[in-house]
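As written, the chains take the letters A, B, C and D, and residue 1 is the first residue of each chain.
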Amino acid sequence: MSLFFKGIFLEQKKEPMLTRSTLVMRQEFEYFDCDFPDTAIDELSGEQIIELARLAEIVDESDGKMLWEKLEKANLGEGGTLIVDAIDDEPYISSQMSVGIHQPEKLSLGIELCERVLSPEKTYIAMYRHILDSNFGIPRKIGKYPVKKIGGLYPAESRVHRHLPKGKNSVIIGACAMLHLARAAEESRKMTTCFVTVAGDVVKNPRNVEVPIGTTAEKILELCGLTEEPEAIILGGSMTGRAIFEPENETVGPTTRGIIALARSYGTYSYTCIGCGRCDHACPKALSVCSMRKFAEAGKLDLLQEYDVSMCIGCGACSYVCPSRIDVAATLIKAKKQIELAKKEGTL
Amino acid sequence: MKEKLMFQNAPHVRQSESVVTMMTDVIFALLPIYFMAFFYHGARSLVLGLVGIISCSVLSLLGSFFLREKPVPDLTPIITGLIIPLLLPADIPYYTVVSACAVAIFVVKVPFGGTGSNLFNPAAVGFASVAICWPELVFRYPVTMQAVEVFGKSTVKIAQSPAYSLSLGAVPDYNILDMLLGTAPGPMGATNILVVVACGIFLIVKKAVNWITPVSFLLPYSALCMIFPRISVSPLESLCYELFSGAIIFGAFFMLTEPVTSPKRDFGKLMAGISAAVVVFLFRYYGGFEMGFASALILMNVFSPIFDAICESVLHVIRHKESISDSLKAEMKRKKEEKEKPVVRPVKKVEETEAPGIPEETEVPEEPVEIDLSEEKEEEKEAAQL
Amino acid sequence: MSYFLQFLSMMLTALFIENIIFTRALGTSWLFYLTKHPKEIFKYTLVLSGITTVSGLIGYPLRGVLHSHEMSHVIVPVMYIAVLALVYSVTYFLLKKFLPEKFEKIGQNLGTAVFNCAALGTLLVPASARLDLISTIGYGIGMSLGFGLAVIIVGYGLTRLEYCRVPKIFRGVPIALIYLGLLSLAFYGLVGHQLPT
Amino acid sequence: MKAELKECLGYIFFKNPVLVLGLVLGHLAAGDINLQNAAALSVTFLFITVPVMLFAATVGKKIPSGFNVVFYALVSAAMLFPAYYICKSFSATIFDSAGIYPALLAVSTVPIVYSSKIAEKQGVAKALFGGVCITLGFALTAAVLGAAREFLSSGSLWGFKITEAAYPAANLPFWGFILLGFMAAILNWVKDIIRKSGEKSEEESA
């Protein structure tokens, strides 16, 4: 029944990018000067670390917030847990995992600094377990922190909370942000770069790259080389990214997970819905997706609200599974925006 | 690089399986049944299948031309065209198959809007309309193991199907093995139970059809047949007789699981399966019709949205578990306070209910049907003044 | 006890198997006017069954006498219409006197609830089938409740039509008629033969 | 004269009582099995509609709204007798195949609803003209449906055998509904074509 199977099984196609080392683009680094340059790393106090994060303007790539605000506001209290988000459950994408695998000592230094600020009871690094199509073994420990394998089906983010003890609060911080924190502490370096996976069946040598924030997608694709003209270029994750038309003026931000160049694009051709009910089966939030799509196309926003379209997290599992190639997720997200618009105007 | 870039929506990775692969799986599952029909009844069964496919696809092309949409390459009419002849006897004249396909496409599919939006199962309606129109042709079956002539009058001996003798309450004179292997007379595709079950399981394994509806239909139905046997035989034997006669298993795997008209959610499919079992059981015991399965199926298609609505309300409660439990607690607290201090009951406002029946102000009852004729209203008004 | 069983069996056959709308097509134009909330429709069927049972009781002895008459095809319906008119005017004035606020609510539509094909059909069908008193009442109540059931089923079905891509020329009355036709095809499968009217 | 003809055609096509307004559906679906039934139904319809329209236009206005329904029902019941004699004239066993449907026309939606809603507000002449046009529309629809179903189900027209039966189940109520649905669709299609040709001629003229 749809209550027990949550989400869908995706082949991750992570292989060439994950095991290759991260290519760093030639760039000059910016430094900041703080008023306590000489104190050794292990005597840095909590406030000083937050000051470092603020000066280095580190942005957490898992949710786009500033790291120092998250550290300041998150009072874990006793029994809190710190989770390092290295869950890359979208196919092709492995930017967060590559940080954990290729630079473990820097990552563990960053985690240690965060521990000093938040003093959580438990910390672990979360990684997505189902990378079956590659003979890559997920390490048991990175530095001295255990790696907890988040199992289950895509989307895995919503299931992280299930591993936490009830009633205790927790903080999720991205692995790349930890790395930048470690660099800020060691060389007081600003966060000018971000980690992006360049992948796709058209890229000559797909790999993870560290590029300065703001470089255009075209330059990054040239860095990795293209075997032939792609029909579609995607900025962001393979399940939640968006297709772009002009790669030369689309820039990369800290929260962009990857750039994917595909030889053949699906376009927007789709058959008629035959009501097979697979999208209902695949929805992680157990929403009645099939009827909601019908309401969205008939323009019945009140019925959509009744069917809880606001709980849709836009994971794209329903469109992935739909045999008629209908963009169910896109319709629902568009309807969700219309409802918010209508609510603002007070029509609803 | 720029001119070739195309737009595509959010999930840029799609499942390899598409509607076409699903439909081809169903067609491949139907072919062995045709082979068995050919084995028992000769080449005429294949020609009947061919006639079914050709008439269904030609009519659906005509229909899509009539619906003024470009004909989409989908295979659903071919599946309907394959299923209908399997429910009919092998020596049925060709015009009945063509008329069944015409009803299935032109009455069930085209007026409701093409493949995705038909509210009833086209194969069931097509077969029911033929069975009602020519009962003497549809309900007498040629004896197996004799080739029926492809053209002209068939000279094969006619025999009653076990379902008919069951409806009279007599024990059919074919043992269970005969019915399993399909040597008992009956509809062309529905008698060789082993092959039908094998194809059904093939479909379920290939995920072209969900496993919940057939299982949740066959189990309660066999339970009911064991509890209320029609013939004075051991319950297990009566179960076998009931289950293997009258296209029950063929219908459970191929007609009941038609995706468009069955409920969408798995829990809804379970409810549909169980209520279909009860309705088919009642139709076969008390219905005036020997082949009650098709009309019971049409009735079940009416209730599939109701099952979906029930599922949605159950899930709505589950989704809002926390907020509902909080509001309940708040409710209890408020009631406790009310009990302590008595409150003057406010006067109940007379709520006016909208008068049933015809709204007064329309000069001519222009919209007899509640379906909104919104874009036609003005044209209707000026037609009224015409 | 056997009377109650006979009453129950007659009611169930009239309610499900020989439904008034699907097998005899009586009162179908009411179906389109009445597709409203199920609670509204239930009130309507209660009024319908109440009045038809009362007029059925009054008309039963007269029917016995008039059947022998050679023009019975016309006289029996006219007699029943007269009985309906009598019962309607009595309820009309009773309602006006004793329950005035209820009268404002359903006053004008009471006429349309009583004088429609479903009501007269509920009286005439048992008459032409020469049923005795108990089964007449049972059959009558079954038919009017079946009318309510059919209205709710078709009403729910028609709301589902909004999400189908019905072509322009089939919208409105035509698609509702085809939907009704397919539903009565299913009920015909239950009955198996054409009912005598 | 041209205006009346146009309005009369309007009643038959654009405001056909059965196919567009959905007034008297049950009787046609189940009762209209062959041409004779169609004739019986149309005659009874004529004898019911015209007098009730007349009565509504003249006396009906004065009776309070809740109570005029009784008079309409009684008038149409009274008018059943002459209709009975005419039906008996063109075939003795008409009431076996038509059953209770001609008599049921007395309380169908036309005399009860249409008269009290529309005929009361119109003048006598207009109500009479409306009544006749509606009867014409009904008779045309009933004739077409009756002929189609009789020809399909028993291959005969008005009892005279032409060919053997092509589709024996055509006289069942569910085929009545489906054929009525298709006739209404064809009517909409004709209206579309007339509207489009109308627009095209306006474009050329403009």
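In this section, contacts are C-beta pairs under 8 Å (C-beta built on N, C-alpha and C of every residue); 3 or more make two chains touch, one makes a residue touch a chain.
Given the structure is predicted, the values throughout are model-derived calculations rather than measurements.
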Chain pair with more C-beta contacts, B-D versus C-D: C-D
Whole-Å separation of chain centres (CA-atom averages), subunit C against subunit D: 21
Computed distance of Cα centres, subunit D from subunit B, in Å: 36
Chain centre separation in whole Å, for subunit C relative to subunit A (CA means): 63
Whole-Å separation of chain centres (CA-atom averages), subunit A against subunit D: 68
Per-residue overlap in subunit C, given as positions that touch at least 2 other chains: 29, 32, 108, 112, 162-163, 165, 170-176, 178, 181-182, 185, 188
Residues of subunit D touching at least two other chains: 22-23, 113, 172, 178, 181, 185
Sequence positions of subunit A contacting 2 or more other chains: 272
Touch relationships between chains, expressed as pairs: A-B, A-C, B-C, B-D, C-D
Residue ranges of subunit B touching subunit A (in the complex, touch as defined): 1-2, 4-15, 17-19, 21-22, 72, 74, 76, 114-117, 210, 259-267, 269-270, 308, 311-312, 315-316, 318-320
Residues on subunit C engaged by subunit D in the complex (per definition of touch): 21-30, 32, 71, 73-74, 76-78, 81-82, 84-85, 88-89, 92, 107-108, 110-112, 114-117, 119-121, 124-125, 128, 168-178, 180-182, 184-185, 188, 194, 196-197
Partner subunit B, residues of subunit C touching it in the complex: 17, 29, 32-36, 40-41, 43-44, 101, 105-106, 108-109, 112-113, 153, 155-167, 170-176, 178-179, 181-183, 185-193
Subunit A to subunit C touching residues, read off their complex: 272, 294-295, 297-298
Touching residues on subunit B, where the partner in the complex is subunit C: 66-68, 107-108, 110-114, 116-120, 125, 128-129, 132, 283, 286-289, 292, 294-296, 298-299, 302, 305-306, 350, 352-358, 360, 365, 367-373, 376
